[in-house]
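Structures incoming, each one as structure tokens.
Here chain A shows up in two complexes: once beside chain B, once beside chain C.
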Partner chain A sequence: MLRLEKRPQPSRLWTYATPPLAVVITMIAGAALFAALGKDPVEAIATIFWKPLFGEFSFYYRPQLLIKAAPLILIAIGLSLGFRAGIWNIGAEGQYIIGALAGAGVALALYPLESRIVFPLMVIAGALGGWAWAMIPALLKVRFGTNEILVSLMLVYVAEQLLAAMALGLMKNPEGRGFPGSRNLREYDSAHNADIIAGTGMHWGVAAAVIAVIAAYILLSRHSLGFHIRLAGQAPRAARFAGVRPGRLVIFCLGVAGALAGLAGMFEVAGPAGQISIDFNVGYGFTAIIVAFLGRLHPVGIGLAGLLMALTYIGGEMAQSTLGLPAAAIQLFQGMLLFFLLAVDLLTNYRIRLHKREAV
Partner chain B sequence: MALEVAALSLPAPSAFGCVLRDVTFTLRQGEILGIGGVAGNGQDEVLAALSGERLTDPERVRLDGRAIGRLGPNARRALGLLAAPEERLGHAAAPDMSLTENAVLSAATREGLTRHGFIRWGAARAFASRVIAAFDVRTPGPETAARALSGGNLQKFVIGREVLQRPRVLVVNQPTWGVDAAAAAAIRQALLDLAADGAAILCISQDLDELMEIADRFAALNEGRLSEARPTASLSLDEIGLMMGGAHGMEVAHV
Partner chain C sequence: MGAIDPALLLAAIIVAATPILLAALGELVVERAGVLNLGVEGMMITGAICGFAVAVNSGSPALGFVAAAGGGAVLALLFAVLTQVALANQVASGLALTLFGLGLSSLLGQGYQGIKPPPVPRLDLGPLSDLPFLGRVLFSHDLMAYLALALVAVVWAVLKYTRAGLILRAVGENHDAAHALGYKVVRVRVLAILFGGACAGLGGAYISLIRVPQWTEGMTSGAGWIALALVVFASWKAGRVLLGAWLFGGVTVLQLNLQAAGLAIPVEYLSMSPYLITILVLVIMARDKSRAPASLGRVFHASQ
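Let's look at the complex of A and B:
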């Protein structure tokens, strides 16, 4: 008979071993799924994980990896701070949209001014936009005790309506012959978030993601604010005893998450996406939740998880076009990854014992 | 007077908490005041109001004559008022954190474990090791998680962490609850030594024998009201029973 036994302290080995194990199990279960769909399982897994990196067209897909991973990592880092403290911001998608609107708004207002100041102003506006959107659930929670999960999630849909209204109204390209969507910022040099090194996909958002990973690492491991964040998540009463003020923590965590999501949106609209359009947001804000947990809410883990998740996006698209896999199969695949991770997570805190029933 | 609490009244913190009604007492340097009573009569609430977890009107709590009712836990620690809550796992210590991290939890201010907001992990580890050595905490080392320690050992760590910070006033709640006899004796001795060195100690406990052993004066909490404190040496069991039952100032029948 199998029995679970609580470990006296979390296993260090399994803390690091569970994410790779979850990936391996996902590959096996995914292969079985693809086989059941009548596809060659080895071919499908290779298409998702191998070909984008080392296949024939990897020169095209490798930069895509950074472009997709950067917003995921940037958002997930912000979310992870809150998640560590037990503050559940589910509305990063909305903060991402508002950041993009604010950043693009600055660029469009200054158009056609060519100046070095334009891009930095957009960065500030993007961060402030996301921050302000996140302050709504934060202040409501601190002042009235509302549930930040619901408020932040609902604000995503408000932000989507605002995005549509902007794409069709205020920000619509006056020279766009009536098509919805703003001017393309890629054609506006001062506002364009171009590759820092051409052809690598290394735009300013990637640089920001790297900085965010390092800053979050230092904050959590060295600074007393990071210590208080961890403490509040693990033992709220002990946190109050240690002098942590829960309200301030809510404001800080939601504020940082909002600012980073806003930055991600701004870098996206100024570079890879290029313009404000009705379907600008593609779900990075929600996928980042998976990235945050897959990375064990650890900054470096999130960096790796973001790259992996970006890979499944790109490989999934490849598998769709070359093998004819349905798009839903890829989403299922991503979902399985989180599911298996949470399942094997059990091993960090529990030990499985084979228990022989003793004779009475 | 080291600590003065005057007419302290507070609403219950939750549906399961207790209202504090007009709690008044004083505490001198070198003295141990014991507060007895049945659990749930305001013990946690008194500790929270003194540790700074709950704020009050400034004048309600005075430390060395200074009104501190509106100061938070760390500001009070800086002034020398320390506390050790009853619940070891989850209140006094974070279960999944190491002893080093749990040292930072309450000793960061007084032991200078942070610089410009950054934690000095080396100093924190050294302080945790000092507590472990001085209070004979049985553990593989300061990097062990708090929840891996036995109740007695963790309690020795929690009390030791506050005692080694040289408090002017120390508030402890149930210092030897669920602790083995040897550890309990060590903890009581540490409190007596601390008082002998001039600190003022408020010991909240449900263990009457413990209070009779270490306290100079005794008061009882009943439904959030505190009786007048009386010297322990002069108290009979009957009188203690009346105090704990809420019959303040009544006399025992002379038979």
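Let's look at the complex of A and C:
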């Protein structure tokens, strides 16, 4: 019979091998799902994973890849720091919304001033907005010991309502003929988060994501704070003896995650989305949780996982228009990925032994 | 404001409280067994669409509720396999369950938008239902609302007075000791998880079949998470779950009534209130940490 045996140390091989394995299993299960929906499974998988990169219209889709991956990577990098330390911020979606509201708020307040100072101010406001929203669960946890999972998640719903209130009220475009939604920031040159190199999709959010990956890598591998984060997650008692103060770690991890999510929201509203509208948020904050795990909470892994996840978004849209695959199927596909990843993770920490039942 | 009938208001509170009551009771049992399942929202929404689809196709709300419980339990089984067999992290697995359930439900729900489900009859309790005030408040609900109340008593009694309840609590408080005594930790937990899934499914179906009643994507809108908060609020006690559910039901109904009354506050700010109240309650209850099952969220493997 099969028996599990705990490994003395997590297997290095499987640490690297499980994410690709999970992707492959998800592709197989996804193909079965698409077949059950009456679509050609091979065609559907090819449309999602191959055509956006190498197909006929890849010149259009490749820039989209960066545009979609940037917010995912930015948010996931922040989340991964907390996840490593056992601090579960799952309200990144809310922090993303508040960052966008703060960034757009600054731009709309300064409109129609054309100046170089506008965009940097928006960046600061976006980061501060997300940071402040994440400080609510952080401070409540440190001060009262509340559960940060539930508080940060509740604040997503609050942020969504706030977004709706802003899109219909305070931030509504006065020249919008009564339609909900703010002015389009893409038509406001000083506030527009344009491509750094035109036509590549390489906007400032992409640059920020690259910087975040590098900074997180240095933090985790070279800085004592990064060591404390890892220690707190792996051995909380040892961490306390080593002088790690859990409260400060909570504030730091949630703060960074909030600021990065806020930045992601701000870059999104100033560029690809263009305006504050009721349906501005599309779930990046939740998908980023999958990205963080798929990347094994490692900055470089998260970068790769973010690109892969962005691919499923773009390929999913493509499959929607060409094959009529429902959007929900893609959402389900992404959910399955996390499932399989967690399941095959067993191989990292345990050995599966075939062994005969023997008398005790 | 004078237009609000207090009897209708109280009756509406009971209806609004039932879904979170069901889901929270299920989660209470799961957590007392030492497992933290954050997938309540995903199981609720899956139950909501399973119940809705079956009720519409069969014409029978009762079958719908059975299907909802089944759907919730099947999803919970995935969680059980992940956390009890594959020994995955419970927080991450619960989140995965919610993300998966949201996707699954919107896929299953295609083509069900804008349809009305078969109506669920109100129970006619004869003269009781005709009582002037209490009749409307207490004695004119559907069967599920009463079943939910009965379930509170059942869960309370089973946990407190039966051997099965004692074993469940032992597993939740100290799984190593329970294992040493010869109890099947994994089996108890899997059963508890399945029960939690079925309850969450029923709660979801109560929303889609009775409370709203129609199907829209993401219609549980955080009810599963509120149910999780409710368990903390209740200090893991069945009786207090009921109190908490009524409190949250009251807040929900009150803000809906204020919206309808056309207050000067924009609707969005009123809609925030259940979530803000949840946070407030979590802050107040956070001081009382003693009641949480000691093995909550810890991975059990017989080798350790």
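In this text, the second predicted complex is superposed on the first by the 356 of 360 C-alpha atoms of A that agree within 3 Å, B and C clash if a C-alpha of one lies under 4 Å from a C-alpha of the other, contacts with A are read in each partner's own complex, and residues count from 1 in each chain.
One rule holds for everything that comes next: a residue touches a chain if its C-beta (ideal position, glycine included) is under 8 Å from a C-beta of that chain, and two chains touch if they have at least 3 such contacts.
Just so we're clear, the structure is a prediction, and the values are computed from it rather than from any experiment.
Undergrad: With the two structures laid over each other on chain A, which partner does A:Ala29 touch: chain B (first), chain C (second), both, or neither?
TA: After superposition on chain A, A:Ala29 lies in contact with neither partner.
Undergrad: Regarding the shared-chain residue A:His223, is it in contact with chain B (first), chain C (second), both, or neither?
TA: A:His223 sits against chain B, while chain C stays out of touch.
Undergrad: In the superposed arrangement, does A:Glu5 touch chain B (first), chain C (second), both or neither?
TA: Second partner only, chain C.
Undergrad: Which partner chains sit in contact with A:Leu21 here, chain B, chain C, both or neither? Use first/second/both/neither.
TA: So A:Leu21 meets neither chain B nor chain C here.
Undergrad: Tell me which partner A:Gly335 touches in the superposition: chain B (first), chain C (second), both or neither.
TA: second
Undergrad: Quick check on the superposed pair: does A:Ala132 touch chain B, chain C, both, or neither? Answer first, second, both or neither.
TA: Once the two structures are laid over each other on A, A:Ala132 reaches no partner at all.
Undergrad: In the overlay, answer first, second, both or neither for which of chain B and chain C A:Ala235 touches.
TA: After superposing on A, A:Ala235 lies in contact with chain B but is clear of chain C.
Undergrad: So in the complex, the part of chain C that touches chain A is made up of which residues?
TA: Answer in residue numbers: 38, 78, 81-82, 86-89, 91-93, 95-96, 99-104, 106-107, 109-110, 217, 221-222, 225-226, 228-229, 232, 266, 268-269, 271-272, 275-276, 278-279, 282-283, 286-287, 289, 301, 303-304.
Undergrad: Would you mind writing out the residues of chain A in touch with chain B in their complex?
TA: Touch list, chain A to chain B: 8-10, 222-225, 227, 230-231, 234-235, 237-243, 245.
Undergrad: Which stretch or stretches of chain A touch chain C in the complex?
TA: 4-6, 88, 90, 136, 140, 144-147, 149-151, 153-155, 157-158, 161-162, 164-165, 168-169, 286, 289-290, 293, 326-336, 338-339, 342-343, 345-346, 349-350
Undergrad: Which bits of chain B are touching chain A when the two form their complex?
TA: Checking each residue of chain B against chain A gives 51-53, 72-74, 77, 83, 85, 87, 90-97, 101, 104-106, 108-109, 114, 117-119, 121, 144-145, 147-148.
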